[in-house]
Amino acid sequence: MATEEEGPAAQTGRAVLSLATDVGGAAVLAARLARRMVPPRLDGPELWRNLYRMGVRSLPIVGVTALFTGGIMVIQAGVLIRRFGAEGLLGWGAGFTTLREVGPILIALMFSGRVGANNTAELATMTVTEQIDALETLAIDPLSYLILPRVLSMVVMLFVLTVYGDVLALLGAAFMGDALLGVSTATFWNGLLDAIRVWDLATGLIKSALFGGVIALSSSHYGLSVSGGAPGVGRAVNASVVASATGIFVCDYLATYILQ
Amino acid sequence: MERLEGPLEAAARTVLADARELQGVFLRALYWTARGRREPGEVARQCYEVGYRSAFFLSVTMGFIGMILVFQSGLQLLRVVPDLSQLGATFLELLVRDLGPTISAMMLATRVGAGIAAEIGSMVVTEQVDALRMCGVDPVDHLVVPRFIASMIMTVVLVMFSGLVSFAAGGATAWFVFDVQPLTYANFSLLDRGDLITGLAKCFAYGAAIPIVSGWCGLTTRGGSEGVGSATTSAVVNSSLAVIMLDLVISGVGFVVFV
Amino acid sequence: MIEVTNVWKRFAAPVLRDVTLRVPQGCLYGLIGPGAAGKSVLLKCLAGLLRPERGSVRIFGQAIESLDEVSLQAVRNRVGMLFQNNALFDHLTVAENIAFPLRRRGITDEAEIAARVADRLRAVSLPGFEQRLPGGLSGGQKKRVGVARATVTRADVVLYDEPAAGLDPVTSQKIFDLLRREQQEAGATVVMVSSDIDRLLTVTDRVGMMLDGALIFDGTTAEAQGSLHPVVKQFVHGEVDGPL
């Protein structure tokens, strides 16, 4: 809570401290989860339940987002195509940005809003109603039982959903190219297949797994470290989606340099 | 409803009902924007809420977007032509026409949309919205309209500001990585009237859509504090989705009209 | 004054089943019943906040179930309501909360507003609380501010949803006595939902009991206390053995 009297220096200091607390907290959470991976100690049925619910419920929203993204990227590339009169470049122009950059980011942002925010809200509610403490008194490790299945599910599902989204985005792009620019589907596919290397597709998918990790860690961290009853849950959800979005862009930046 | 309906039919029915409610909120917001009496401080306070608190977050994300995209497109251009003099001009055009407004609006949908839904939603579950109605106040007028006006103003301001940050961050990348001089990079030759109009139209459309969609999610909150949680989540998802849909529509219209 | 005829309302399951009820002018009517019996829903139907699927709700002789929000306003201007959770506006001071309905009814004279707010705060024994914020008040104080806001417009009909919920017995009795005094001074028609039956029955003129969405009893307070209906008898006298 920043009060009115604080100077800019105090506010900056406070912001830096809370940033360090949250990044550090998420890193500690990651380390504690990693220790439970070797040998794997996690709840199998809980994993399947989470995979199903996070995946299936996100299908419509990811599908719509991907279809539209493909269409939008064709329109953006279309301006260049008209300017240079090179229809064959449409597959490259639209396909490259969609598969490698914009597709994974938009799908991850949607996933963060749908699944990540929901995860924070659930974990935060369990924390403020002392359900997490109750698990511990029953000698059940909340990290193995609750958190690890969720984190794994989010990483796996965002990857799978991005594959599914890539397909739909290309369909949307091909349709839009035909409808708006009059570029036939065959020309679009040829342009795409000539210009896109498997590595381009792979970087998009590697990034999506990274984004999944960022969303999973930040949403779980904010859910577990909530304080302040029911209004605290709202604040935790808000902080978690903001942190996920920032994390996605920072990770994307780093990944772009490393995976060129 | 005697007849059994399939899941698709049921989904279509829900979507239609939601669309009708959403349209109702939108029309009432327009009506009260034109007719309502405003307390002068209220819109300014919302501008501060929407704008000042999102400015830092938006500049960080848009700065990263600028660096990433310039780096990516630089590499791509080098594959085709060895000349990077058009890099800045091409990026600026894309930034103004689409990515600036759209990515910023996705961020605003996350930050502002969630805040609006949480605030209005908790007023619904504590019956404060019913109390407003008993006092003869349309909740749309009192709660949604100030945010609606503030969001339209601040979206334009924030998009310009964060677009500038993004362009500058891209320029730094172009300079350090590809050795493109800032004066070569800052090239406005490709920017035309169509780009500016399309970009501005998107700012206004997103700025209008986010508070309307999130306000609707907040006003239809059911149940207790879990209800507020799910209203917040659906505000983020639905207003992001609204942004993407509007992007496609406005981009398409802009392309047909201006290209 | 208030006439409810054959009203049905459902959410997921039916919550009001064929409710018919008359509350004469100047009557303090108590609505009792176990949890989830439909009392609060009925109250919100009277205020036009919820619309019944079937049946009619008439207040001041006007059928409100078919009115749109704008026409409802004329009716609501003559109705005051206290909500279960008080519904005080968090961002306004106590004085502004109480003044809110006055300002919305077009009263702009600041001196008159201040006088009426001060008068209300004296009536609920909270003088000098004008500049406090709702967040810093106790449960009982919030209730009393809620009562002040519900009565400040001198409405002809006042609806109270659980005016004593969560209060200690002494404060609770004080609130009921206050509401009775207010009602008699203003000559208002009042419908009051409460689970605190012992204290509620000390102030009511008539009593209705609801069970599973239906009104199973309607009569004077004395009739309710002497009722031989097994459910009403058990509920009114708080017996453990019985049909409930």
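A, B and C are the chain letters, set down in written order, and residue numbers restart from 1 in every chain.
Note that in this section contacts are C-beta pairs under 8 Å (C-beta built on N, C-alpha and C of every residue); 3 or more make two chains touch, one makes a residue touch a chain.
Because the structure is a prediction, the values reported are computed rather than measured.
> Work out the mean Cα position per chain and let me know which chain is farthest from subunit B.
Computed centres place C farthest from subunit B.
> Which one chain sits nearest the middle, judging by mean Cα positions?
Central chain is B.
> Any idea how many Å lie between the Cα centroids of subunit A and subunit B?
Subunit A and subunit B have C-alpha centres separated by 19 Å.
> What is the distance, in whole Å, between the centres of subunit B and subunit C, each centre taken as the mean of its C-alpha atoms?
That gives a centre separation of 42 Å.
> What whole-number Å value describes the gap between the mean CA coordinates of subunit A and subunit C?
That gives a centre separation of 49 Å.
> Provide the residue numbers of subunit B that touch subunit C in the complex, in ascending order.
For this pair, the touching residues of subunit B are 126-128, 130-131, 133-138.
> Sort out for me which residues of subunit B touch subunit A in the complex.
These residues of subunit B touch subunit A: 57, 60-61, 64-65, 67-69, 71-72, 75-76, 90, 93-94, 97-98, 102, 106-107, 109-111, 114-115, 118, 122, 224-226, 228-230, 232-233, 236-237, 240-241, 244-245, 247-248, 251-252, 254-256, 259.
> In the complex of these two chains, what residues of subunit C are touching subunit B?
44, 47, 49, 69, 73, 76-77, 79-81, 83-90, 100-101, 104-105
> What residues on subunit A touch subunit B, complex-wise?
Touching subunit B: residues 61, 64-65, 68-69, 71-72, 75-76, 78-80, 82, 96, 100-101, 106, 109-110, 112-114, 117-118, 121, 125, 180, 230-231, 233-234, 237-238, 241-242, 245-246, 249-250, 252-253, 256-257, 260 of subunit A.
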